[in-house]
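These are the structures, in structure tokens.
In what comes next, chain A is part of two complexes: it sits with chain B in the first one and with chain C in the second one.
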Partner chain A sequence: MRALVSTMRAELIGAGGVVERNAYLTKRYIWWDVAWFLWTVANTLTIVFIAKGIEATGGDLDVNRTMTTLLIGAVVWAYLGILFEFLMETVAWERWEGTIEYTFMAPLSRAMHLAGQGVFAIAYGLLRATFLFVVCAFLFFDLSMPDAQFYPAFVVLVVSSVSFIGIGMMMSVLPLISPEKGTQLGFVAQGTLLVVSGVYYPVEVLPQWMQWIATISPATYALDGIREAILEGQGMTAMWDEIGPLLIIGVVSIPLGLWVFGRGEQYAKKHGKLKRSG
Partner chain B sequence: MSEVAVRVEDLRKVFEVPEREAGLKAATKSLVRRKTREVRAVDGISFEIAPGEIVGFLGPNGAGKTTTLKMLSGLLYVSGGEARVLGHIPSKRERDFLRRISLVMGNRNQLQWDLPALDSFELNRAIYRIPRPDFLALRDELIELLEIGDLVRKPVRQLSLGERMKVEIVGSLLHRPQVLFLDEPTIGLDVTMQKRLREFVAEYRQRHEATVMLTSHYMADVEALCERVIVIHHGKLLFDGDLAALSDTVAAWKTIAIVLENGAGDLSSYGDVIHRDGDLVTLRVPKAETARVTARLLAEQEVLDLNVEDPPIEDVIELVFAREAVE
Partner chain C sequence: MTDMQDAVLMEAVPRRLGVAVETHELRKEFRRRDGKRRRDRRTRVALDRVSFTMKKGETVAILGQNGSGKSTLVRLLSTLLLPDGGWARILGHDVVSDGRAVRRLVNRVSVEASFFKKMSSAENLSYAARYYGMTAGQTRDKIPAILERVGFPRDRRDEPMENLSRGMQQKVALARALLTSPVVLLLDEPTTGLDPRSKLEVQDFIREIRTNHDSTILLCTHDLAEAETLAERVGILDRGQLLALEPVDDLKRRYGADTLEEAFFAATGREFEAEEDEDDDREVFA
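So, the complex of A and B:
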């Protein structure tokens, strides 16, 4: 028992080290991150302005509500992008930096290595998503959200992160299998989630077969829950309809993600793909 | 401690690499039917290294040195045979194994490019579970030994190649590895820096009784550090033994460099004249006859200076490879 506790403690310290390293790296390029944040803001505004555009061209809609709906979609999408990017970088970035062999030789279990990446990605992503939402909703558009329940919305986003991390782990194996094109292929999975999860439109408008896929996408439940909390003012109790499926997807996706990553690592070690680019 | 630090038995690594003819037609055809061929990077090598031993692992580019070291570090799976390091099978990634080895590759980096080395050292401390007092003591000791106190606070990308190599080595040794795989650690470094690193490796090995396996194209590294060498070529083991024995086995000759009082005449009766530069003549003679030829030269010629030398190790290694190519 003591050995188990000691091992767990060591693993957590190691994962903490990975979090710390990512924090140092982010701090190192903080001004570039600010510049990139401006791009995210611009991208989000472009999407939210669509509601105003429809109204301006004679469309009949509740502009404030539609803008908020689109804003939530854009913010969740940006958040998802951050999580996936950090997970994908587990391999791609280290390959580019030339540190990949050393990272894979370190006495840290792959689960804790990926958990370290994931935890930092969640913390950083949540911070950015919150900031993005505040800047766009209140500083730029002055949107009205009289019934909004931000706490349940935040909880749903945090819970959904677990499932996103599991999917991110599966995607991060792509650069391991294909050093040349794997990273780009990761966007395919990200794009698929974008299409089926109702990021900018209700899932009901999709063909039936896409709606089936939507039921296993954590983004569907995350968006539903956050919109219910912010637009309808639903509290924590109502969130269980979303949190339940999100937890189930998380329970499946995390072990599956680790398994897929493990298989990818085996493939890379068998075929000599665990090496730096160039 | 185990009786053997590194044991390799009939170790093999085979890669399947795609190949096709040049041109658009061949490129299109390869989309449907991909042709591959087997490359035997390591082809049945066996050796053992005792704890505390330092061994030169030599071979030309593509001989299979790095592939072998990667298999011994668990970064590559073996295709056949067996490798054990400190009693562990490297591919299993057992924590006890990973905490006791280190691989330093001269053309790779383990330290984050954008961070000061001190930050990366901290990550190693966390991952290798080094107690802070031990970590600080060894870190400072290594920094002092390599005289890099003013370098570890700069981002690694701002360091020169030699400086980077020094901080890389510190990063690799913080957990006091018992087995050290050094793959071209002095590549690209100037002569002074090479010498400093060699001294450092020797000192580390002595202090920590570490086992070291060193690959290098600089024979000065090998001569300075290794009593034993393992030579491989095309994935096969060509020689395993004392460095001196390698010279005796492959190059059973010595060179005699002489300067004569009355200028150099025809000296071909003494041995093969391999170099002539004014009054200086270099002869190659069989090792067994060196003493007799030297005595004859001293007796029969007006010798101003005479120097008998073993063949340079570079030449010996070259001969090993050439002999393998002929066979």
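So, the complex of A and C:
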């Protein structure tokens, strides 16, 4: 029992080490992050302006509502991008710096290593997504959201993060298999996930086979829940329709993500691919 | 030594008293593409049935040219590679089936001092220590103390690693390894590429570890003088095969040589000079 407690304690300290390392890196690269944030703002504005563009060219739509719908999609897209980026960096950045072998030979379990990476990604991503939403919604467009329930929307985003982290774990094995192109495949996964999840449109407009995939995508439930809370003013009770499936997907995706990463690690150790040479 | 290492040691002692490192018929091979077609592959044996033991507290040097299998051996012992045959144990713990226990007992310094280059030495040591279960309270005093011991200037602790010379970075790498109080320290060409002064400083520090700590040290090098002065026994690894592992005088006697270089030449039938890089034989770009 004492040994188990000691091991658990060491594991938690180790996961804290991953968070600490990411905090140091964020501090050192803070101006790059600011520049990247500006790019995200520009990208989000481009999407939200589409609603104004349609109105200007004679389209008949509720501009405020459409802009808010698009903004939520763009913010979730940016949030998912940050989560996947941090998870993919587990391998890609460490390989580039040459620290990957030191991390993988430490007595920290891979589950806690990836959990530490995920916790920091969620904290950083939530902060960034909130800031992005506030800047675009209120500074640029002065959008009106009289019924908005921000707390349930935030809870749905946090719960969905668990599933996103599980999928991110699976993606993060790609740079182990292909050091050059693996990271780019992560963007493919992110785009594919969102295209079937109704990022800027209702899922119902998709072909039937894509709608079926949408039912197993956590982004579908995240987007639905956040839109219901912000546009329709739905409270926490109504969010269980989204939180339930998100928890189920999370329970499946985290162990699956760990298993996939474990297989990738075994493969890399078998073939000597942990170290990037040259 | 941490509580975790104590627990691991207590568990391992009855298995084989006094033995720190043990390998038996350890084998590793790499396949690389050899031709345009995907199925055209060439197999190269990096380590060929290597067997040896090291006593606790012993320093052993493995001499070999580039591509001889030294780094592969270190990676196998530190659980970064999976063997294709044979086994290896650290204090009785198998590197494959009991990898986690091995990782608690081992640390390593390699030829490249790998760090997050924008982070400072103190930051790099701090997060690395957490991976070994050390709290902020434990490292607050220990990190400055260990950096001081390796001769790292106090006023440069907060400087990004990218501003430091290779010699300085290698000192921080030694500090990182020692911070976790490893029972077995694996040194993979720790002085290669350093200027003469830095090289001597690092070697002095290895001597100090040997004298003042009970760490078992496996030093892989292609520096003959380094092997001769730092190790109690010297092994010759050539094309993946461990040809001999004895005290230097016994090696000289066995091969009728006056110097270690002559003994090496007699054992391998080759001059001691750099050849190919063994990393090139892995599928790292596949």
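Observations on the model:
By our rule, the second predicted complex is superposed on the first by the 277 of 278 C-alpha atoms of A that agree within 3 Å, B and C clash if a C-alpha of one lies under 4 Å from a C-alpha of the other, contacts with A are read in each partner's own complex, and residues count from 1 in each chain.
Please note the rule applied: a residue touches a chain if its C-beta (ideal position, glycine included) is under 8 Å from a C-beta of that chain, and two chains touch if they have at least 3 such contacts.
None of the values given here were measured: they were computed from a predicted structure.
Overlay on chain A: chain B and chain C clash in the combined arrangement. Once the two complexes are laid over each other on the shared chain, residue contacts for A:Ala3 go to chain C alone; chain B is not touched. In the superposition on chain A, A:Val91 contacts neither chain B nor chain C. When the two structures are aligned on the shared chain, A:Ile254 is found in touch with neither chain B nor chain C. Of the two partner chains placed by the overlay, neither chain B nor chain C lies in contact with A:Val119.
More residues of chain A are touched by C (comparison of chain B with chain C).
By the touch criterion defined above, A:Pro179 reaches chain C but does not reach chain B.
In the superposed pair of complexes, A:Leu70 makes contact with neither chain B nor chain C. When the two structures are aligned on the shared chain, A:Arg28 is found in touch with chain B and with chain C.
In the overlay built on the shared chain, the residue A:Cys136 is in contact with neither chain B nor chain C. Chain C runs into chain B after superposition on chain A, and of the options 261-269, 279-287, 297-305 or 315-323 the stretch responsible is 315-323.
Taken together, the two complexes place residues 7, 10, 13-14, 16-18, 20-21, 24-25, 28-29, 97-99, 101-108, 266, 269-272, 274, 276 of chain A in contact with chain B and also with chain C. Residues of chain A touching chain B in their complex: 7, 10, 13-14, 16-18, 20-21, 24-25, 28-29, 97-99, 101-108, 266, 269-272, 274, 276. The touching residues of chain C, counted against chain A in their complex, run 3-4, 7, 30-31, 72, 75, 78-82, 100-101, 103-104, 106-108, 110, 112, 114-119, 123, 126-135, 160, 176, 277, 279-280, 282-286. The part of chain A that touches chain C in the complex is made up of residues 3, 6-7, 9-11, 13-14, 16-18, 20-21, 24-25, 28-29, 97-99, 101-109, 179, 266, 269-278.
For chain B in complex with chain A, the touching residues are 15-16, 67, 70, 73-77, 91, 95, 98-99, 101, 103, 105, 108-115, 119-120, 122-123, 125-129, 155.
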